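Note that the chains are named A, B and C in the order they appear, and that numbering of residues resets to 1 at the start of each chain.
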Amino acid sequence: MALDARGVARRFGARWVLRGINLQVRAGEMVGLLGHNGCGKSTFMRIVATLLKASAGDCFVYGSNVKTEGDDVRHHVGFFSHVPGLYDDLTARENLAFAATMLGFPSADIDAALERVGLTHVTHERVRGFSAGMQRRLSLARLILQRPRLLLLDEPYNNLDVAGIALMNGFIRELNAAGGAAVVVLHDLVPAEGVIDRTVTIREGRVHVPTVADFTHDGASPEAVTRPAGAAGVS
Amino acid sequence: MAFRDDIRRTRAIVWKDLTTERRSKAGFSAVAALGVTILVLFGLALGPDGKALQNAAAGALWLAILFASVLAFNRSYQVELDGGALEALLLYPGSRWAIFAGKLIANLIFVMAMLVIVVTVGIVLFDVRIPAQWPSIVGIMMLGVVGIVALGTFYAAMSSRSRAREVLLPLLLYPMLIPVLLASMEATKAFLFGDLLSASGAWVQMLSLFDVIFLVATFLAFEYVIEV
Amino acid sequence: MSPAPANAFGPPKPLHAAFGWITLLFFVFTQAYAVATSPADALMGHLQKIMYVHVPSAWVEFAAFGVVLLSSLYFLWKEDERADLLAAASAEVGSVFCGLTLVQGMIWGRPTWGVWWTWDARLTSTLVLFLIFVGYLALRSFVEDPHRRGQWSAAVGIIGAINVPIVWMSVKWWRTMHQIQSNPRSLSPEYLRGLLLNLAAFTLITAWFIWRRYEAARYERAAEHVSQAAALGGYDG
C-alpha cells in the first residue's frame, strides 16, 4: 500500500479542517483529489508529506508512519506544492545542484533534468527573474531528480502552459510505469485526462461518498456541484 | 552512508546560505553598518573622555556585536520563508541536525565577518591600544561568537516562524546570553589592560563550558523545534 | 494527543478546597510563629524578619523552575500534553515568586544598603532568571498551535533551566572581581526553626497554586477535547 490514511484529522485552533480522512492508495495507482476551496485537500497533502502533524488519526506511506518515521517517509515522498520552494538568488542549475545534494543524489544528472523541463537556455540565470511557469518547471525538474515512489501533487497544472502540462503528465505516467503511486489535487479534471485512475472528493473534512443528488447537477468540476440540500453534515 | 550524506547536506546549506547572502549584498552591509552605528552611539553616550571610552570599549564592542547579530539570525531564516523554501528543506530526507549545523556554520561565518569590521572601527573610535596578547583576544572573540551564534540560530528557528518575531528573538536570547557577555567582556578587558591573568583564565573556561553545553543542547533539541 | 476520558474532569473536589484552606492556615501560623519566636537581630533588628518570606520565596521559585525542567523533558520524551500544561503552570507560579523575591530583596536592601537595587550576585542572577522565564511565557503566548507550543516551550524551558547554574556562576564571578561579597552568617537555632517551618508552608502553597493552575489548564483542554469528539463524531472509520 503506497498510502494508507486512517481517520486523519487536523484542526487549526478551534476549527477542524479535516474530520477523519480514510484513503487507501495502492502502488501504481493514480488518485485525483477533488473538493471545494478550503476543504482541507492541501492540509491533507501536507500531513502525508510530514510537513504537518495530524491532530488525530494515523497515516502510513509504504508502511512507515508519517508521525513517527518521518525520515523513512521522506525518502519515498515527492511533494509538489503551491510554493516553488526555490532560492531566488541561486541560478536554476545551483538550485537543482543543492536539491540533488539534499536528496542524497549528489551525482544526479542535473543538465538532463533541466533539458527535460526545457530550461537549458536559463541554466545560469537566477530564479528571481523567472516567470511563475518557469519556476514550476524548475520545481518539476527537482522531482525528476528525486523520482519518488509516492508523488503528491497539489494543483500541479497551475501556471503551466500546454507544453508544461504535457511534460507533467509525461512525468506522472513514467513514475506510474515504474510502479509509483500519485495523489493529485485537482480543481479541473481536463488536464489530468488519461493519467488519473479514479477521483476522491473531500467535503466538510471527510471523504465524500457520492449520492444521487450529486449527479443531478451539471459540470465535471467539483466547484460546479452545489451542495445537496439533504446531505448537510456536521457544520 | 547516512552520516556522510548528512555532512554533505550541511556543506550544501552553508554554501547555499553564504551564496545567497553574498549575492544580496545589501544584507551584510546593512547589518555591519548597524553594528558600527551602535558603536558610534555608545561612543556618544559614554562621552568624549578618552579614559572612560577605553574602559568601556570591551562592553560596547560586545553589545554592538550582539545587537547586530540578532538581525543576522532572523535573516538566515527569512531566506527560507520566502517562496516556501523551508518547506522544501524539511521535505528532504536526512537528519535534522544537518540543517542546524549548516545554518550555524553559515551564521558563524557571517557574524565573524561582521565582527572584523565592527572591531576594526571600535579600535579606532575607542582608541584601544592593541596589547601583546592580542591572539588571546581573538580566541575569546571566537569562543564568545560561537555561544551567541549557537543560541541565536536555535531561537531564531522558532521566533522567525511566530508572531512578533522582532521582539521575541531578543527577549529569549539576551537573558540567555548574559554568561557569554559577562565572560567575553571581562576576559577581553583583562587582556586589554594586562590585568591579572588568573581571572581571564576562569572566564575562558566558562566560555568554553557554555559553548560545549549549549552546542550539545541545541543540536539535540533542534529536531523538536524545526519539525512543527 | 490522546483524548482524556470525560470523567477525569468535574467540579472542584472538596479535598482540593480543604487542602487549600489547611495550607493557608498553616502559612499564617508559621509566619506568626516565626515572627513571635525570633528575637530582634543584633545588626538588623526586626528587619531580619523579612527572611521568613524572602528565603522561602527564593526556594520555591527554584523548585518551580525545577518542575518546568522535569516536565519539559517528560513532554519531549512521551509527548504527554499534561506535562506541557504542568510546565506552563509551574513557570507562571515560579515567575510570580521570582518577582516577589526580587521585590522583597529590594525592600530589604533599601534600609540595609541604602539603595533599592545593588548588583549583588543573588539579586542579579534572580533577575536574569526572571527574564529567562518571562521569555518562556512570552513564547507560549505568541504560539497558537498547541503541539508546536508544547515542543517549542519544552525546548526553551530545558535550555533555560540548564543555564540557571551558569548564570549564577558568571554573575558571582563578575561580582567578586569588583567587590568582596558579603557572606550570610550562620543562623542560630531560634531563627532556623521559624525559617524551616516557613519553607514547608511556602512549598505547600506553591504546590497548591501550581495544582490549581494546572487544573484550570486541563479544564480548558478538556473543553477542546469535547469539541474534538463532536467534530470527529460523525465519521465511521
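We take it that contacts are C-beta pairs under 8 Å (C-beta built on N, C-alpha and C of every residue); 3 or more make two chains touch, one makes a residue touch a chain.
In this text the structure is predicted, and so the values were computed from the model without any measurement.
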{"item": "Far-end chain from subunit A, centres as C-alpha averages", "value": "C"}
{"item": "Closest chain to global C-alpha mean, per-chain Cα centroids", "value": "B"}
{"item": "Whole-Å gap separating subunit A and subunit C, where each centre is the average of the chain's CA atoms", "value": "48"}
{"item": "Inter-chain centre distance, subunit B versus subunit C - centres from mean C-alpha coordinates, in Å", "value": "32"}
{"item": "Centre-to-centre distance between subunit B and subunit A (centres being mean Cα positions), rounded to whole Å", "value": "39"}
{"item": "Where subunit C touches two or more other chains, by residue", "value": "145, 147"}
{"item": "Touching two or more other chains - residue numbers and ranges from subunit B", "value": "227-228"}
{"item": "Subunit A residues counted as touching two or more neighbouring chains", "value": "53"}
{"item": "Subunit A to subunit B touching residues, read off their complex", "value": "49-51, 53, 70-71, 74-75, 77, 79, 81-90, 94, 98-99, 101-104, 106, 126, 142"}
{"item": "List of subunit B residues in touch with subunit A within their complex", "value": "5, 8-9, 11-12, 15-16, 19-20, 23-24, 79, 82-85, 87-95, 227-228"}
{"item": "Interfacial residue positions of subunit B with respect to subunit C in the complex", "value": "151, 154-155, 158, 162-164, 167-168, 171-172, 174-176, 178-179, 182-183, 186, 199, 202-203, 206, 209-210, 213-214, 217-218, 221, 224-225, 227-228"}
{"item": "Residues on subunit A engaged by subunit C in the complex (per definition of touch)", "value": "6-7, 9, 11-14, 16, 19-20, 22, 53, 55-56, 205-206, 233-234"}
{"item": "List of subunit C residues in touch with subunit B within their complex", "value": "76, 128, 131-132, 134-136, 138-139, 142-143, 145, 147-148, 151-152, 154-156, 158-160, 162-163, 166-167, 169-171, 173-174, 177"}
